[in-house]
């Protein structure tokens, strides 16, 4: 799968990077491609909302390819410091020299900068993107005094899973109101079966059975299943089946096990699998 | 949009920076321009109070241009250390050398120093501005022993959103009492429509409809909408409409989505949009 | 306003600094000048107790000038480390060299060292001043092994606002019992009007009206006003009036706004201003 | 016992490391070897679930040998930082040079990377493995800008003890759903006796008695024994017996003592030992 | 007042330091001098228990002079790290070199090492003294691998104020049980008056009145006075009186003010002063 | 008292260190010497359980001498980092060089590594010993990529006081189950008297009286005495008596004072001392 990368050596970061050459496999479920492209044209930041494993990351890779822009991805987490995004001072040849972080590099190149699971980062880290996410399109770097003006083509994209109930973690309104939001969900059954078959190499009939099972498992949420299977989980299960593992065993280790440790729920899923596959 | 910047290379920071050349687009709603100018003349620090996206940042840029002063902006956050404002020691040619932070640089140049969302910073970080915010107009730098005397023209400006209910975060009285306060709110309807049309390129009639919708949505606060749409959100929506996106779709992704994840509130906004636009 | 400063370059810190040349404007309200001078003569540390903006800082500047001693001011805050007071190791010419902090520098020079809002610092940071605040008059520096003997004339002064109710912050008895305490409050009405007129350039009659208003506003404390206006706030309001801003507007932005966000209290103050000025 | 190791000197890390030469002693209890091998073939990450001391670590060593891949083990804990996994900047010959961490080294070599007791690490540290644990198989290194593409053969394996009740610690669904799960438990009695005898050198009869004792002790869980003896504990006890220590004494110091401090439970275990051995 | 000091330059720390030449002024109240001397002879660590300002520090200085040992004092606080006691690595001439901390330096020299207010330090910092406080008399330094054997004459002394009620702070039994304890309290009235007169230069009659007042104020503890005046506070008050300040004013600023902010207690103390002096 | 030490200079750490030459004074109370020796022979880690001051540390020194192995002791505490055990990077001659920590050094030399009061260390620090405490006997060092194989003779020993009730601190089962446990308690009366006499130089009769007193004081635990006197406390008391201090005074300062601040308990102990000695 092609992915745009920044050059590994910081020294060569000034060069503009080409967009991914091969199109990532992505099947649109609505008008998300059109809206995203128009946001890009107007420099509007975009937020992708949706559950785990429904294709948000793949969509960004697809759009970067379609729009011909490099893609810079940052996985957000509690420990991410503002300087991990903007850059830091390093010692080179006895001198302290500045090295751009991924956000700064993306702004200079006009890349799409994707902050994955943005709600995991601390609010104060995220605040550093504010001036890039409104009309100013600038990135003031406190540590050097420089103000970076984002190159044309630069766009900020974040992802967000509203299903997680974080009592103490939420985006500030002053952050959220800077992003156009696109809703994502699991694809319709026929499309999801097509995706599972394409990604796993499993035949279409068994892929459809798996998707039917997933729909029944997703109803277990009312019986206490905290998380339901995403498309990514179906693809993993299908791959084991394509490798020759028995369907019920594959469901047990690759679909039920990753969702829960609860013996009752595990056997409920096993029953559904026995009845469906 | 022109913005005053500090020189990117710290080495050239001694030079005084020219103010922004083109006037930022700003439409006064009251006497704020006059009061601000007189505070500047007397060296009084100013606090801008008001909700998200109502034009506080744009106002500061406008005043910096009007008064012919450089503008230094700092986005406040929990992790901002006093040394991010005052400066730090770096290693250069084997020596530890001092590099001014944005507050120090602004004080030396006689710039306007704007601390955006000041309440997000820790109280103890903010305490570092106290000696600059009273008659002394000095900045003692613990780490070097230097006492910087603010150049003529230097002015401290902070912004503050009183609508946020931070149980544990508030400005100390000894900080607040150093600032003259200017209240901001969303502009009157006709002025807001003019701004939306000017900033988005959308025609005046549709811009007026959007503003009418915003007024109705702002009344949803009583039904549990924690945040209401600011002018910035209307501009983003208008831009998508000007790009050819259907008005209701544009409202869904650019106005409703950024405000809430609640299905009831989302459909209430959709109903208002269908009825208004 | 003259202020004693330490030399900006650490390298020249060995030299003794002259006291401020011009006397800061200060009007005694009681016997504080005499008591302070005698404490200085006997090397007794002093604590200034009183509300925000009543002139504690100005008093210390005045005494430094009167006693002919340099003045070193440190604004205390949660993040102040013991090494910010005593000093730190820096790298110079490839060597780690020691640079005195403000407390150490003051002890060597025989300066007055003023720790402003001492209760904001952590108790364990403040503990570092203990050996300087009793008969020993020494500062043991853990990080170098040196024991600095305070030069004649050195005096420790701290300020403290007993009105703040910090559940978790208080000075330890073993700290408090090292300081002679001087109580400060707002000056009597006639004296406060004289100060406001002198500092703002406003005529004496309007200054007196402002002070009368302040007295009425200070009674609002019983109706929920957490903080009441200090003299500094009156001076800021008077300056705007002297700049030509309408008295009621000046009170709104420079006296009421800095005190509260509560609409009821804001309009109560506006009513008092309308009735008084 | 052979164990694949990384070269001690970071400088020689580029070289590919051979897999362990001698097969670690491991006796399969189900189909875990086959499922693991097929996951490896498809690049699917694997999670091993099971109680303390039941052989999870040994299984990974066995699979690394069977599949002919080097093995990189990381013991997870609260203090593990993302940079402990990905790498860090060091100073060499006056330059800041990058040194790969164990995860990066494993990705470059196509090794099996085993994160032992993954739930002990902070969620935000674990988030760094996400892009390696889906189709992308990449490791973006924020601190250098490099994106490492995992070499063929690279596989991520984690272990997890679901019996620990961590109120505040749990894997995020977005992490768990990236792993195929294999369940582990204590081996059946005959197999466990064979393992104990093989590992300790104790005769088969006494090893069987020990396993019988373990089964009875494991029933004490209902009487308040928080943890029950794993196979590793039986092996330690058997070794002391093989050294000539009396069986009851060996059980007291090597089986009962490590499980509890409670006098009632200790004497209950002693009674069981007296009755069983 | 003579005080033993370590040499200011770490480089010259190897030299043994002479004890203080002049005897500090100390008046024994019981058998503390004899017991301390015998503990020193047998290398037993000593803990001084007693309230604020009753002479514990002065006693240690006196004993150091009497026993002819150098004295190394460390004021304990929350931030004191083990390496502040044992030492740290510094960069000198491009090399990382080790510099002893005060505890290590004292152990090498056979000095008396006094940890003032030991309960303020974290328990885990204090744990570093354990091997010096039993028969081993060694200090293992983790960071260098060295084990320092304490020189003859080395003795560990700590002070502790049992009156403070620290819910979360207490010495561990494994620490306390290493120290012989000496109880301190305010001296008997006649002796306290002699000390106050000697230290302040005030005449004996007025010193006796002050001590009488202190005894009455100390009874206010039952009426809510959290802390009562120590001898040090009486000395400060007496010095102001010796400087010519009126007795009641001196009591107000130097005795009552340092004890409380409570208006009722302040006026109760003023009444007692008026009645007693 | 002889103690095995690591060489003070890290540079010479490669050399194997001789075991202690003189046998530390230790009197076995049960079969602990035999069990320990057999654990050493089989490479099994050992945990010593018992109250404060009952001889655990002395026992380890005795076993190191008996087995002819060097001894490396680490006092555990909250701040102990994994790198304090494994080692750290230092700068030497401009290069970053690795210096082994005590655990690594012990593993390379085949020393006995004794972690004193292991429960005081954070669980995640202790996790670093896991791979050394099972069959692998390896120490993977994340920071260098090296895997250290423990030399023959290496043994891990920890001590633990089960009497402390740490709500939030306990060893993880996955840690505990790696250690054979040896229980320690105060020695029988005759043996304890012999030890006290030997260590203090006091005559046997008075030593026996002291032990009799200790037995009576240990019964005060039911009346609220949180900690009871260990053998070490008796030795300290006996030493003061041997120095000529009166028996009751010696008990007051060296036995009662270190145990409690409670006046009732202090006088109960004084009464027992008067009745017993």
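Chains: A, B, C, D, E and F, in written order; residue numbering restarts at 1 for each.
By our rule, a contact is a pair of C-beta atoms (placed from the backbone, for glycine too) under 8 Å apart; a residue touches a chain by one contact, two chains touch by 3 or more.
Fair warning: this is a prediction, and the values are worked out from it, not measured in the lab.
With steps allowed only between chains in touch, the distance from subunit A over to subunit F comes to 2.
Shared contact partners of subunit C and subunit D do not exist in this assembly.
When the CA atoms of subunit A are superposed on those of subunit D, the rotation angle is 60 degrees to the nearest 5. The chain with its Cα centroid farthest from the Cα centroid of subunit E is A. Interface of subunit B with subunit C: the two copies contact each other largely through different residue positions, with under half of all numbers used appearing on both sides. Centre-to-centre separation between subunit E and subunit F, using Cα means, comes to 30 Å.
Averaging Cα coordinates per chain places subunit B and subunit D 52 Å apart.
Within subunit A, contacts with two or more other chains are made by residues 91, 94. If you sketch which chains touch which, the chains form one closed loop in which each chain touches exactly two neighbours.
Around the closed ring of chain contacts, the path that opens at subunit C and continues to subunit E reads C, E, F, D, A, B.
Here subunit E touches subunit C in the complex through residues 1, 3, 5-10, 13, 52-53, 57, 73-80, 84, 88, 90-94, 99-102, 105, 116-117, 120, 161, 199, 226-227, 229-230, 232-233, 236, 239-240, 243-245, 249, 253-254, 257-259, 261, going by the rule given at the top. Those residues of subunit E that touch subunit F in the shared complex are 31, 34-35, 38-39, 41-42, 44, 47, 49, 81-82, 89, 91, 94-96, 122-125, 127-128, 130-131, 134-136, 138, 140, 142-147, 162, 173-174, 176-183.
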